[in-house]
Amino acid sequence: MEKTLREIAALVDGNILGESEIKFTGATSIEQANLTDITFAVEPHLQEAEGCNAGAVIIPKHVTVFAKPAIQVENPRVAFTKLLELFTPPLKIKREVHSTVIVRDNVKIGKNVAIMPYVVIDDDAVIEDNAVLYPYVYVGQGARVGESSTIYPNVTIREFCEVGKRDIIHSGAVIGSDGFGFVTQNGTHNKVPQVGNVVLEDDVEIGANVGIDRATTGSTRVKRGTKVDNLVHLGHNVQIGEGGLIVAQTGIAGSTKVGHHVTFAGQCGCVGHIEIGDNCTFAARTAPINNVPSGSFYAGFPARPHKEWLRVQASLHKAPNMMKKMRELEKRLAELEKNK
Amino acid sequence: MEKTLREIAALVDGNILGESEIKFTGATSIEQANLTDITFAVEPHLQEAEGCNAGAVIIPKHVTVFAKPAIQVENPRVAFTKLLELFTPPLKIKREVHSTVIVRDNVKIGKNVAIMPYVVIDDDAVIEDNAVLYPYVYVGQGARVGESSTIYPNVTIREFCEVGKRDIIHSGAVIGSDGFGFVTQNGTHNKVPQVGNVVLEDDVEIGANVGIDRATTGSTRVKRGTKVDNLVHLGHNVQIGEGGLIVAQTGIAGSTKVGHHVTFAGQCGCVGHIEIGDNCTFAARTAPINNVPSGSFYAGFPARPHKEWLRVQASLHKAPNMMKKMRELEKRLAELEKNK
Amino acid sequence: MEKTLREIAALVDGNILGESEIKFTGATSIEQANLTDITFAVEPHLQEAEGCNAGAVIIPKHVTVFAKPAIQVENPRVAFTKLLELFTPPLKIKREVHSTVIVRDNVKIGKNVAIMPYVVIDDDAVIEDNAVLYPYVYVGQGARVGESSTIYPNVTIREFCEVGKRDIIHSGAVIGSDGFGFVTQNGTHNKVPQVGNVVLEDDVEIGANVGIDRATTGSTRVKRGTKVDNLVHLGHNVQIGEGGLIVAQTGIAGSTKVGHHVTFAGQCGCVGHIEIGDNCTFAARTAPINNVPSGSFYAGFPARPHKEWLRVQASLHKAPNMMKKMRELEKRLAELEKNK
């Protein structure tokens, strides 16, 4: 595929600085770009981009002078995303139900699906139009995979769980494993049946090797547009609001309710049975142990407001010196007391 | 399925308060319950339950007045567990070895098993009576799956590993991956063969995407009745005692021995080659780095007694103020010294 | 298999102390060894080994008197590794492409491979000589598995990813899941296509249920001889140098570059877009948030030099007492001020 800067500018609704007929065959990062690649740059990388090997650079509108051919756009990241799609040849996905797919009783399969070798679709399950299921995907009894969703290899979707439209589930993820619920009597942990399900709403993405437990009763739910990174654990009956970002290796314990547009950076933890308001941000490794009001920016374990955490961190560094200082003060004080 | 309160009371060995002929079709939580559902409540949720939509509530024996039809029982949680089983229709599990199952040489398969499509059972493996193996379960050479155990999709049981009776292994779990053992010479990490196995004793449950490494020699072992949550890592030669609870994302490094009835809450870590006594509890994110005596309740990293951890946490909050205070004391002291 | 001490000594290039014709059938740990087993010991386990049940012990060269038959060698661990190989019968691996393997278009498969039931090899993929692929391994379009590599069950290798020679990938690992990259506009997270790949160089080992994300553009790369333990997360465009050890449950965020011979102990975390020099060691649970110079030994979160971390930890323990002390000093000071 070859595109001129003019064609690219039209695609991203941008304004050309410099020669418009130069040709491109790829889009990549500043570091990797060659003369036939286009890249993008925002502050503070603009200068680096001027000196790189790319043939042209997508830059913010307000930058009017640039040392290379460039395209000015509203949002360089968004424009670049379009170019990654443009220059990447699509995978060959056969729209078929492969002959080795096992379809049990009373299953409904929509139009234009791609169901690859060795998929197993259990009784009463539903696969909607345009869904793509890679090898070794198991769709349990009564489960549903929504329209245009992509389920990568080795994903398990347990019975009665629901995957929304345009969802993406990465390899190894488990949707609907039993919640960790036991009634302990005389030291024996008796299993509480986990008879609820998991509901992933539309436009949700679930990372590799994530585990999302089914509810004891009712649903564990990840709401519309939320993206979950690799190796995250969501306990039974957890609710995650819309538009969230749950970064890698975070764990959220059972029955916790998280509001809309909440970001948990990597390796966060969250105790069970609490409520997190809307628009909260948790720095990496933060672990809230109580309800958190909307709009909070928290850090640390136990989680506290980020500014407070910074202040505590700063004083920790100084703790060894404080101790020395205190011993010194005590000596001086004793001296005074002696001479009193 | 429809049951009267009278029938339900008989099942859970309880005493009815109110009308006994009302009918129920489900059991669910206080929040989700409708008029045809029965729920349960213990302190501090009794008042909330009195105001909910459920048709009846299972309550502790000592509660003698209740605003709704109720059943008094010894242990409401245990009774409720029975009702979840009662009202949940069982999955349709075909007791058969599916025609696509690959059974290699010298395999023994018991009676009444359900071995689903695309399972592979390698040479010399044993599958005991009533076992249920979901699709894409791999049972390695010489491995064993005990009586009445359930192995969910995409589980790997490597060679010579042993799964006990009535065990449950959730999707994506790996039983018997190689331990992380290397001998480093001149910067090259040479693999130490991991020739031991993993033994899961009876009544063990293993969560989704857990990794349990095989022993270098001998066995990595999870003893009777222990429950392991999602995404837990157990290193080679780890021993976990009976009746333990290992909550999500905990990691226990190689050769550590954990006693009976030990609870690790979520995201704990444990260094290798230490011993944890019986009846210990570790709060979330605790990480012991030395032996821990029986009966301990620990928190923090490095782990220390929970009370001590609380005291340290409290003083951390005050550290910034302490520094201010100390500067003030120093000033006052200097003032006194001047006037001496 | 039965070997005399003399035969064993020849194999490990060692010197016999005591009777050379005694026979052995196994090699195992000090604890597990019986009379027909050989074990090994280094300081501080030599005395324990003298009292154990093993028939003989492999010991360091400098130990010249030993209470049991022994073999003196340069490096007892290395010698023992050879014996584990000697006494462990190899698995029966059929060198064949099983009849159920799905080979899509234009795939190249080398000589002497073992491709087990239900493997799926997608268009344009390459499997080199002597590779071993266990059941339910998916090799994506254009992906490559190098010579003599072993891929355990339920591993996913996504499109265009490259696995080197003599690599080992444990069950459940995911190579090449999409990086966690979104452009957020008005609260909607739009997916950035992840069009790069993952490259695992030669002699790399990847643990169970690891997730390694493909690069946005270019490659996420694990260099020669690096070993990655269970449940590790490597974000998109991460670079790990040669000869590294990444212990269980560590997570390294996107675009971070790690030098050669770096060890991350268990449950470490690393923010994105930083550089870690060569020969660094991070204690368990360490989380660097800035560049780290070569040769560092760091601990804590945020990571700092290990010695400094120890000092801070020590003073934390004393913080509650410090507060008490400070109140006492204040009182004494007030007393002096009154009497001034």
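Things worth noting here:
Here the chain labels run A, B and C in written order, and each chain numbers its own residues starting at 1.
Just so it is clear, a contact is a pair of C-beta atoms (placed from the backbone, for glycine too) under 8 Å apart; a residue touches a chain by one contact, two chains touch by 3 or more.
Here the structure is a predicted model, which means the values were calculated and not measured.
Taken as a contact graph, with one node per protein chain and an edge wherever two chains touch, the assembly is complete, since every chain touches every other chain. Interface note: subunit A and subunit B, two copies of one sequence, contact each other through mostly non-matching residue numbers (shared numbers fall below half of all numbers used). Separation between the centroids of subunit A and subunit B, computed from CA atoms only, is 25 Å.
Across the assembly, subunit C contributes 118, 136, 154, 172, 209, 231, 249, 316, 319, 322, 326, 329, 333, 336 as residues in contact with two or more other chains. Subunit B meets subunit C in the complex at residues 102, 118, 120, 123, 136, 138, 141, 154-156, 158-159, 172-174, 177-178, 180, 182-183, 185, 187-193, 195, 209-211, 213, 216-218, 231, 233, 235, 249, 251, 253, 269, 271, 287, 289, 301-302, 304, 311-312, 314-316, 318-319, 322, 325-326, 329, 332-333, 336, 339.
Within the complex formed with subunit B, the residues of subunit C that make contact are 27-29, 31-32, 75, 77-78, 80-81, 84-85, 87-88, 91-92, 100, 116-118, 134-136, 152-154, 168, 170-172, 205, 207-209, 225, 227, 229-231, 243, 245, 247-249, 261, 266-267, 284-285, 313, 316-317, 319-320, 322-323, 326, 329-330, 333, 336-337, 340.
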